[in-house]
Amino acid sequence: MNFNNVNIPEKLVPDNYLQLGLAAQRSKQRSFKELLEKRKLPENGWSDERIEELVHMLASLDSNNYPHKVGLGEREARTACKLVARRHYNFGHGIGRSGDLLEAQPKAAGSTLLARLTNALILDLIRGIGLPSCAGCFLVPMCTGMTLTLCLQSLRKRRPGAKYVLWSRIDQKSCFKAITAAGLEPVVIPCLIQGESLNTNVDLFREKIKSLGVDSILCLYTTTSCFAPRNSDDIAEVSKLSKQWQIPHLVNNAYGLQAKEIVHQLESANRVGRIDFFVQSSDKNLLVPVGSAIVASFNESVLHDVASTYAGRASGSQSLDVLMTLLSLGRNGFQLLMDQRGENFIYLRENLRKFAELRGEIVLDSRCNSISLAITLATMAGDQMKSITQLGSMLHMRGVSGARVIVPGQNKTIDGHEFIGKFRLPPQQPASSVPDCSGRNRNNPRGDRQILRYFQQVLEAAFSN
Amino acid sequence: MNFNNVNIPEKLVPDNYLQLGLAAQRSKQRSFKELLEKRKLPENGWSDERIEELVHMLASLDSNNYPHKVGLGEREARTACKLVARRHYNFGHGIGRSGDLLEAQPKAAGSTLLARLTNALILDLIRGIGLPSCAGCFLVPMCTGMTLTLCLQSLRKRRPGAKYVLWSRIDQKSCFKAITAAGLEPVVIPCLIQGESLNTNVDLFREKIKSLGVDSILCLYTTTSCFAPRNSDDIAEVSKLSKQWQIPHLVNNAYGLQAKEIVHQLESANRVGRIDFFVQSSDKNLLVPVGSAIVASFNESVLHDVASTYAGRASGSQSLDVLMTLLSLGRNGFQLLMDQRGENFIYLRENLRKFAELRGEIVLDSRCNSISLAITLATMAGDQMKSITQLGSMLHMRGVSGARVIVPGQNKTIDGHEFIGKFRLPPQQPASSVPDCSGRNRNNPRGDRQILRYFQQVLEAAFSN
Amino acid sequence: MNFNNVNIPEKLVPDNYLQLGLAAQRSKQRSFKELLEKRKLPENGWSDERIEELVHMLASLDSNNYPHKVGLGEREARTACKLVARRHYNFGHGIGRSGDLLEAQPKAAGSTLLARLTNALILDLIRGIGLPSCAGCFLVPMCTGMTLTLCLQSLRKRRPGAKYVLWSRIDQKSCFKAITAAGLEPVVIPCLIQGESLNTNVDLFREKIKSLGVDSILCLYTTTSCFAPRNSDDIAEVSKLSKQWQIPHLVNNAYGLQAKEIVHQLESANRVGRIDFFVQSSDKNLLVPVGSAIVASFNESVLHDVASTYAGRASGSQSLDVLMTLLSLGRNGFQLLMDQRGENFIYLRENLRKFAELRGEIVLDSRCNSISLAITLATMAGDQMKSITQLGSMLHMRGVSGARVIVPGQNKTIDGHEFIGKFRLPPQQPASSVPDCSGRNRNNPRGDRQILRYFQQVLEAAFSN
Amino acid sequence: MNFNNVNIPEKLVPDNYLQLGLAAQRSKQRSFKELLEKRKLPENGWSDERIEELVHMLASLDSNNYPHKVGLGEREARTACKLVARRHYNFGHGIGRSGDLLEAQPKAAGSTLLARLTNALILDLIRGIGLPSCAGCFLVPMCTGMTLTLCLQSLRKRRPGAKYVLWSRIDQKSCFKAITAAGLEPVVIPCLIQGESLNTNVDLFREKIKSLGVDSILCLYTTTSCFAPRNSDDIAEVSKLSKQWQIPHLVNNAYGLQAKEIVHQLESANRVGRIDFFVQSSDKNLLVPVGSAIVASFNESVLHDVASTYAGRASGSQSLDVLMTLLSLGRNGFQLLMDQRGENFIYLRENLRKFAELRGEIVLDSRCNSISLAITLATMAGDQMKSITQLGSMLHMRGVSGARVIVPGQNKTIDGHEFIGKFRLPPQQPASSVPDCSGRNRNNPRGDRQILRYFQQVLEAAFSN
């Protein structure tokens, strides 16, 4: 509904007052036109009201919301519970079309717009923060692990004879299961211990390529964001191998979009070598609820292979979350969060170092990890090794839920593969690792410093016990 | 927050008035206690207010909603956009734990409860509507096709040497792509044309098992709900083969939970044979937005294999939709919808037959399809074959979006497999198929008959043109 | 925001799909244009989505919602709490302009539209249900009593020398206090006991006019809706007096808009005599939360006097409630509620009579009360007079909160005036009165009968104790 | 609903995870208990979620929300439109009881709590910001003007023979109409022009008391907050007269609660003299939508007279707005806004002075007005007097809606009383007045300075034209 061609009588409102009100709508209309026509992320965030208006307008284009819909024989987009319909702004058709996440739905112009506009804005965002070469991307309403699986499945269609995935080890379960879920064979490339940190074993990658044979290898698989003291993988070097041997290269960029260093690393790695896909979690990078990931590529055509591997139509709920969040932040809002994260990281590292020095501990030197920090807990552990696990619950009880306490020497088996906790740094073995140290907190940005100071106090208390 | 141990002073409200108000809460508290302790679907639907109160209470148990949370180093459940947080009732952690959809999350007791309670209520519903042998089930926040893929992937872990999936042909894209997405080899078992309908070729299944060898076959794969004139597969006979040869049997029950006949067929097929999984779409059966499916089994242990094949944590949004919808309907509300659907189906079939008779057309006799009806369009098509495609758009323009007009003789290629449109019923070749004929419409249940009458009018108009 | 002149690229959505979606908006736009241009209540209720869209559009015309508003020096429509802004759809300016409820606000074209459109729709409703002579009306965001006071205050400006208000007694506090609040002198005209009911003492009105003198009388003041066994006042006869003596006539029509008989009575009384204002409660007639009343008149000019007596700007929240409710019901929805109420009244009366007969009680014959019923409680009371007050709490405990149990012979003093409970019907003295017997319940219309049956059961139980 | 005595099975959630979640609720429960038991404004604002939880809990105590309510014969709190019910959190009964705003409602313990708790928090706020002697206060869901009328009406009951209201002139319509609406006789006491500002003519008050006679005077009526160059009335001196002659004193404190100076003035005026009521607008002081006012007194008993003058039950919507806003701000949030306003006022005054000096204008010296500033527009007006009215629209077009441009020499008639625009300050006659200069903007507190700078630019532009 709009005021065009509606002749509101003077009895309802004096025309001069009305005209002021109508004139005020123009900038809003301009921003709307621009958004749809240029498909660019607005510089400044939109108000809640404007976001909801847009979302309602899109939803009204779906056939389940047509005023004259009859519903006979219709299986789709019927919502029994009003509360559910309301929380989805009356969207119900999902996105994609049986077997292609990027296809348009005849019955759902609005959902189609929702999905594609969201993808366009994400692409604009990614390009703007330091990945101008990114050729395309789209949101997959599955977790990062399953999205990595989807990429692997699409690669298998191109390389049906290949079954090995060469994977630079990182101790996170999902990204490993992504390989076995696809029915492929993981070949683990353990990291090299160099100084106090863990780095990509590029030589071992090369050896394995030669020993297994190029044709049997589906892809090389690296990770950018991880817990210290493991460093971000040396994706530039792996990209060169990928290019040299014509083997696809898949990058797990789980929470890397928020870090300038990683973004820059991706852009330059692609320049010197080859990256087929880099996949990132929406919740961690775009601050939405868990449930979706973004596949991006420097080569648009391969993206369609991934999209058409998804067997069905998918939830549109995640696209909605991302669209609303991006419009709410705007380019500047996202940039501000990135900047704050960077500053907070430095602030925390410095203060953690001072603290460590006083206590006879070490903040491990993992220079190529710009997201997470690790501090040893040797003096605290003392003779009673068990006590350090209590630090975890102490932190948790005090509201610090992002830190992880690691007891060395623990082994784990995932899908039949055993992982041995062999990383040792004499004499400080136990370590606490703080991921994503900023606690990017849009609703309380100024409070971040306070939070970091609080963390220090909790650590102080823990060490003093 | 609750009124227990709160001494509200008389100055705020006279005690006798307050006591009346507090007493009125008791039945609500009882229903809440019962829901959580017995995990059964309430007989009668809950009010919107009660549903939202429950959902808010669950969300408050997640660490991102703790009043004292600090957020330091936290990567999870941070929501930048208030509108997004609000529409998810402040849930953010998703469900499952890296690599198992059924596991509990330490940081998210509320999300864990949400997911498991939803699964428990779905199970109670399924058992109650005619599948008492169902041993377990859970919601997968992916479309039906991808959930079928997940089942296939979990079967592959058990039968690593098997690569063939014997699939009774149905002309729906996603369920076929579910096989190729998993990197498996589909073996298409075309239907037999018997009378006016299409039936499962059980003999060909048997032959293929023998010719390909049991060990090379991952599973048998059938479908219950489909467009007429294809009938529901003869899952009892296929179940027997499955049992006899010890080959898993996967049933695509896409929109079958709403039809008593199919529900009964599943229960009895399992009794005489073997069904490993039956998978159904949530949106079509439970009337929620597109985006999730339910895996159910008569054998609880195999379900865990599926759950642990999912590589990561998943969206909790779909569980929320289903929980709210089930509570809103209650057992009786769901049953009522099933009953109405059944009645509407008969009503439509009878009226469509009368109409067809007058017009020299035939409502195809697909006796084993209790959901969809097909009517020939021979007289309408006449010489101008093209004109029948216009019927589709005529119906659509008039708000009837559930009917499908099929032009015979069209071929299609999916993932390299060609499907030939060879079904012919001389002399009436073109057909219109009405799926899920009830238009189960909770918000306008009494209007269904009206809708069916309307459909007849549109058809009249179409034929008269 | 609207799709006009926005060139959505094919990349976002195929044009033919989009066009379908856009075409579907037309009927909505038509209904919007018609509403504003014709200011008539729609025949059929609008969907929640359409109502909210309209409300948001209106709010966007207020200056506090202008995208470019700066806010410097602004005292108005600043809302500190987002939840509050949200629940008011960002309206904040209220209605009217310092000292006139009907004036337009330069800064708030939207609020102005909201208020005036609401008044126009109420007028259209009132005319449509049987008061075609109604010349105008408007919503006052104060209770019925204070609105009656406002009418009296406006009459005083016209008749500064008059101080008496001749009031046909009814045992309801607010309408009496309306007189004293205005600083005027009430002259109580007790009802005549005729048969089993109480009727207007028209002769006493006439006598008082003569004895006090026309110029000293501000107005005659009658009431249409009341608890049985008092009947609706004989407003036709009082209207004749009003016309004859040129004394204003004010009618308290508290909950009379819902009853055809009363509506008809008002229309015909005006034809034979004079009614200056009839005032009704919004909550009881239009089913909105307590807090506003409607002043209506058969003479538009006197309405402006009332509007300009209000000293300030008023809350717009009540206009919003009424607007949304009227759009949600539509003319047909309101009519349906009126019809159901009428039928339920007859149903209850008949069943209550049967019940009374069995029990040796009487449903008092108050023929001119079409809203409320009274039943004696003589046999129940028996010797223990006190026990009948327990019936009230019994009913309340069982969820019947609309019935009132009256113990005879109680006196009351209001603002210095003593009211004596002298109504006696030997031998049945105590009575229970059931106002507005329908329990008009839009959300459960079919349940009304069930409710009435339930009431009977509770009464049965009470009598059996 | 609450978790007490609910034994959630391990199957739904591991007990240790659940216990963490339950423990986290304790601080919330404590804050809830404290709020209700102590009835004090929390120091820090509550989250939206907590506020809504409280509001829902209160609403659940009202009989219309009882799960077992039957509704038979019930006239009250029936809500036809779900959207309306939702936006009122299912409150429907309003506040007060026929004819007393402060009474409890038997059917509505929740609404009663809502109203009284709100009043208690307002009282706590008022005492805390500098009025410790305030004995009581309550919210009236009518505008400030009508609330002043209500106070006058209640005074008339005590002094039935008095008819004059001695009113220190201020050019605002509603507060004057408050007198005539009550049917009383205003006696205008024009201000004295002293220097560049307008001050209370205390001597004339004294003279009028003597000439009219104490018994014929209902009350003295002053105003604290107004547009410069009128100063706040000298309420201390008028209070002394009030005490000396035993004549009630009514203070219109429209938007004075936000200014420390005025708050202090009220407290000390009461100490040296007598103030019966001070009345303030909720929207301007508490940043809620227009529609309510607060009556406060240093003498609790007189408040009940005002409350019991309201003839009926009133809207609870305004109490809800105020309750939610106060909880959202907390004491500290409100204090912060007050402090910012004070600083912004000084900042604006200084910069406006610098600007005026450059331009040959004067910021009028109205020392006893701490809220509003006036600047002459002599040079701008030049010969073309008309052009200065354009400044108003220039400012408005640029989003500055709070400033008022005043053309000298304009007369106005209100309710038969003529007001002559005789204030002249040679040679600068036209003036622009900026009320409430801070633009207290909770949602953009840091932006205030920016806004003030912007205003300067607009003025610059206006002068340069």
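All chains are identified by letter, namely A, B, C and D, in their written order; residue positions are counted from 1 within each chain.
One rule holds in what follows: contacts are C-beta pairs under 8 Å (C-beta built on N, C-alpha and C of every residue); 3 or more make two chains touch, one makes a residue touch a chain.
These numbers come from a predicted model, not from an experiment.
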Quiz item: To get from chain B to chain D along touching chains, fewest steps?
Solution: 1
Practice problem: Name the chain whose C-alpha centroid is farthest from the C-alpha centroid of chain D. | Solution: B
Quiz item: From the C-alpha centre of chain C to that of chain D, how far is it in Å?
Solution: 29
Self-check item: Whole-Å gap between the CA centroids of chain B and chain C
Solution: 48
Quiz item: In angstrom, rounded to a whole number, how far apart do the mean CA points of chain A and chain C lie?
Solution: 56
Self-check item: Contacts with 2+ other chains: residues of chain B
Solution: 20, 48, 52, 63, 66, 68, 82
Exercise. Give every residue of chain B touching chain D within the complex, in rising order.
Key: 1-9, 11-14, 17-18, 20-22, 24-25, 27-29, 32-33, 36-37, 39, 47-50, 52-54, 56-57, 60-63, 65-68, 82, 90, 104-106, 108-110, 112-113, 116-117, 120
Quiz prompt | chain D partner contacts - residues on chain C that touch it in the complex | solution = 48, 51-52, 63, 66, 68-84, 87-89, 91-94, 98-99, 107, 141-146, 148-149, 153, 156-157, 172-175, 177-178, 180-183, 255, 283-284, 286-292, 309-318, 321, 324-325, 328-329, 333, 337, 396, 398-403, 414-415, 434-437, 439-444, 451-452, 454-455
